[in-house]
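Below, chain A partners chain B and then partners chain C, in two separate complexes.
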Partner chain A sequence: MLFKVFPVCELNRLFAVLQSERIVGPVKKGEDQHGRILYDFDVVRDFSDLHLDFTQTIHSAKKYFLPYRENLCTFTFKDGDWQKEVDYGGSAPLIFFGLHSCDINALNKLDKVLLGGRYPNSFYAKNRAKMFIVGHSCTPQPFCFCKSMGTDSAIHGFDLFLTRLDGIYFAEVLSARAFHLLENIDCRDPDSEEHRRYLEAIATRESMFVAHVDTSDLTKILDLEFQAPVWKEWGERCLSCGTCAQVCPTCYCYGVEEHVDMNFAHGRKEKMLYSCNLLDFASVAGGHNFRPESHTRLKYRYYHKHRGFVEAFEESLCVGCGRCGQSCLAGITVPEVIASVRASKE
Partner chain B sequence: MKTKPESIQPGAGEQFEYSYKAEITNVFPLTRMEKLYQIQLVDAKERAEFIFQPGQFVMLELPGLGEAPFSISSSPLRRGDLELCIRAVGNMTRFLDRVGRGAMVGISGPFGTHFPVEKMEGEDILLIAGGLGIAPLRSPILTILEQRSRYGRVDIIYGARRPSELLFGYEYAMWRRFDVGLEIIVDHEEPGWQGPVGLITEILRARIGAGSADALRQRTSAIVCGPPVMFRFVCDLLVQAGVPVEKIFVSLERRMHCGRGKCCRCNIGSTYTCLEGPVFDYWSVLNLKEAI
Partner chain C sequence: MKEGKTFLGVPVARPRVAFFELSSCEGCQLQLLNNESTLLDFLSLMEIVRFREGMKEASDDYEIAFVEGSVTRKDEEERLKVIRKQAKVVVALGSCACFGGVNQLKNRFHDLAWVTKEVYGSFPIDTQEVKPISAIIEVDLEIYGCPVKKEEVERIVTLLVLGEEIQHPQYPVCMECKARENICLFDLGEPCLGPVTRGGCDAWCPSNRMGCWGCRGPVPEANLDQLRIIMAERGISREQMLDRLECFGGFAGYLASQDGIFGKKDTKEE
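And now, the complex of A and B:
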């Protein structure tokens, strides 16, 4: 990996060079009842709107590569026949400016399932193809458990990753495009003193994590505790509202609806992101529901993230960003659920 | 050093939303609720290349109305032409119930795993179907009958709620001509019914009792499909009788919106039913939480 450093004031110029394309980054959206700033990812036109010191965005960045609603195809009906037109979209380049490690790792995980296998998802592939990612180091929040999930640092999946030190940015350069980008600004190789400061910054950040999830033998424990009563207790608290899936950077499941225009000349097929906690997630025609009870759906969500995905890809689907717990109206958090399931073992 | 997997380059995998255009060439009413639809791919080249295995499914799309998975009910030897046995029970299938021959539909697939009848050659075969479970089983039944001499004893045990709900009744005489034991049981009698009334497990128990224990242990494969509640009773009986768990095959139903391992709706614990199923051996089923 190649490292570069540049003065903090040069970031504005870096932003300006990229500005010919659509830039999405963390912006301020308001304040909560405690006066804390609420951040979210949005299109950034003015450098001063970009808040790289953000704590955590409420939503993940997924609406830019897994839109909540997406047209899969359109139909034209004529003389008892139909024509299907598919627009895989995604032709416009997209710059992510300021993704934290958790969200970069979320993309890496989604790539495995959505771009892999026999049937890569072309819609996602198109959205991913022209993406340029500038990562940014973060300050761990009390709810962040990415360190437990092994996603507290990103090894790949970005073009440039910035860590702010006193007066300078320490940049990891991972693509030729990022390398050339830096030619536009006042940038140089780091010296040994800056290496040391960079490693110090990493160590300081490491020491700031509070939340923790014990993932040792978790796949086995989830199997052993599949019938544990504690799932029912969480199920009784869960509102089955699906908020956790909507804010999750890696929840990708969806439903499909088809529509016909009022003039019967056109129709369309639309995909919408779904949630396995919603009542009809696993219901089939004829009325049978494979997961009719709230706790079976909540359990399935944990089972898929921490058991099924691990079996398929040898890593968890959860990146430990903690957004689900922060947004959950019933106050259910991943560290608490997993700790309680582990505790029922003893 | 890689920043992005190769498959996210533009143009990768643009078949995701592709479906074959197909025509409903014939519709046969089977019961009050179910019809058999014969469907033929329109394009001659696609028709020639469309190959499936017994137990696989397709996604059937009625443009503008919906798309859903259906197991293929016909024999793979019918090339480019497939039969789907469909109960009018949801929005899309109720609409389908009202369309006739000539309707244009979309077909994608075939998807998923199949009943490995090619590996069952030389063995006795037990096919056990409950209700609409006969729809996916008709494909391996016909496949086995077409190559009857390659198999040992073949028994079909089929249970339905009522005699009037039995599917493919017009074919039973033909099946029997291939030296097949076909036993049918219903939950509720109707006027004119002369067969047994009761649970499918009663017939299975009798069949197991009459068979040789060695044959069940050493050279029997079972193919099972029915409503969720039926699997455990039937499979447990087979296991007790000595049929190895890896030689019992089931076809599981799940909700699906893509058939391609992406929508996540058919997931059972760690597995996609559309990719690793719908046909699972019972060993895999025992290893999956909440599969049956």
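And now, the complex of A and C:
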């Protein structure tokens, strides 16, 4: 890895160099009733709209690589016959400007499932192919538990990662494109004093985490506590509304619907991101529902994130971004659920 | 059934369809006419033989009956029975037909004679307790919403004509609201029935910064007890929540089951 430093004021020029392509970054979305600023990812055309000091976005950046709805294929019906067309989309390059480590790690995890398996997802691959990622350091929020999930820093999956120090940006350069990009701005190698300040900033950030999840032996504990009564208590609170999955950067489960146009000339197969917390997630042909009760569905979401995925990939699918807990009206948060299950162990 | 279209080489019958209105604003039918860009395709699916808002002719020879509105008079009950006799398929169109709709708000008063006098004064009309059409006749299909969402009606009618199974979303409004990346209305300090109301409207109201009023009725297994806690935690009064739950009649079953908390004692007093 190469390190570079440049004055904070140069960032605007960096943005301008990239601006010929579509840039997506954190923007101010509005304010809540207490005047707290709410952020989300959106296309950024003006540098001043980019809020790199954002706390956390309400939604993840998922819609740019796993859209809530997308056509898997379309059909043309003609003369009693039909033809299928597939458009994998995603041909336009995309620049993410200001992803936090949690969201970069979310992409890395999704890559393992959606690109690394025996049946790669072509739609996701196409969206991923022309992505350029500028990461940005963050200030841990009270709900952030990425440190517990080992996703508080990103070691790959970005082109450039910026850490703001006093007056300068300390840049980690991971790709040739990022290296050449920096040739466009006033940029130099860091000196040993800047190395020290960088490490100091990392240590300061480390000390700021409040929320924690004890993940030691968690896969085993989840197996032992499969019948723990505490699941029922969380299930009673759960609204089965799917919000947690919708805001999650790594929830990739989906349903498929077929639609026929009213003129019977066209049809399409549409994929819709779904949530394992929704009532009919485990409904199968013939009408049987394997998880009719709210707590069984909620439990399986935790088992997928913190047990099944760990078994398959030796890491959790949760990146600790805290969005699900922040958005859950019933106040169900990952640190609390895991702690309560661990406590069931007596 | 005449000059049917074909789908994948198989002839598809073009059913004769009639639209009826009981006590309602007829806004659901207007919604269908509003969709100019797809209106011709919509009309090509079926032969409309009765549609008061769109044509003068009116035939009593139909296979599918769309009924908008709730039952508030004796003669409407009789009309419904005739429709049921004629139609192979009866569709309740919109929240009034499905749940009683806004009309059923008057049911909260004990003394309906007093209501009639208060509203109509010295011009009394025959009006009774408001009922959904399913209280009078068997209904084959319900299309929810106040008003109905035209895209959804088009999808359902297409399936109906093709003879496919029709499924309503089993998830609440939140699911679609999140997909539209709206700010949660609760974060803005507003009550919203999104977490307990059946989706399929594409979060129409919340996307326009208005909390859901539950016009599509409850999602199956709606967790209303938790929503009550959520509202209370945010300082939203029981009356505000009650106003919304009562508005369209979809939550009548829940309200009746909560006697003493949200039940008749609360709702029927003036």
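Convention: the second predicted complex is superposed on the first by the 346 of 346 C-alpha atoms of A that agree within 3 Å, B and C clash if a C-alpha of one lies under 4 Å from a C-alpha of the other, contacts with A are read in each partner's own complex, and residues count from 1 in each chain.
Keep this in mind: contacts are C-beta pairs under 8 Å (C-beta built on N, C-alpha and C of every residue); 3 or more make two chains touch, one makes a residue touch a chain.
The model shown is predicted, which means the values in this text are computed figures rather than measured ones.
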Touched partner set for A:Phe77, first chain B, second chain C, both or neither: both
Greater residue coverage of chain A in the superposed arrangement, chain B or chain C: B
Contacts of A:Arg13 with chain B and chain C, given as first, second, both or neither: neither
Which of chain B and chain C A:Pro120 touches, first, second, both or neither: first
Touching partner for A:Ser175 - first (chain B), second (chain C), both, neither: first
Contacts of A:Gly30 with chain B and chain C, given as first, second, both or neither: second
First (chain B), second (chain C), both or neither touched by A:Ala330: second
Partner chain(s) touched by A:Tyr254 [first = chain B, second = chain C, both, neither]: first
Partner chain in contact with A:Arg205 - chain B first, chain C second, else both or neither: neither
Partner chain in contact with A:Lys63 - chain B first, chain C second, else both or neither: second
Touching both chain C and chain B, counted on chain A across the two superposed complexes: 77, 80-82, 259-260, 283
In the complex with chain B, residue positions of chain A that touch it: 1, 72-73, 75, 77, 80-82, 84, 86, 88, 111, 113-123, 125-126, 128-131, 156-159, 174-175, 223, 226, 252-260, 267-269, 271, 274, 276, 281-286, 288, 290-291, 296, 300, 303-304, 307-309, 311-312
Sites on chain B touched by chain A in the complex: 1-5, 7-10, 12-19, 21, 62-68, 87, 89-90, 93, 102-104, 106, 227-228, 253-255, 257-258, 260-265, 267, 269-271, 275, 289-290
Residues of chain A that touch chain C when the two form their complex: 29-30, 32-33, 38, 40, 58-59, 63, 68-69, 77, 79-82, 236-243, 246-247, 259-264, 273, 275, 278-280, 283, 294, 327, 329-330
Residues of chain C that touch chain A when the two form their complex: 5-9, 12, 38, 41-42, 44-45, 154-155, 157-158, 162, 170-172, 174-175, 178-179, 181, 183-184, 186-189, 194-196, 219-221, 223, 225-227, 229-230
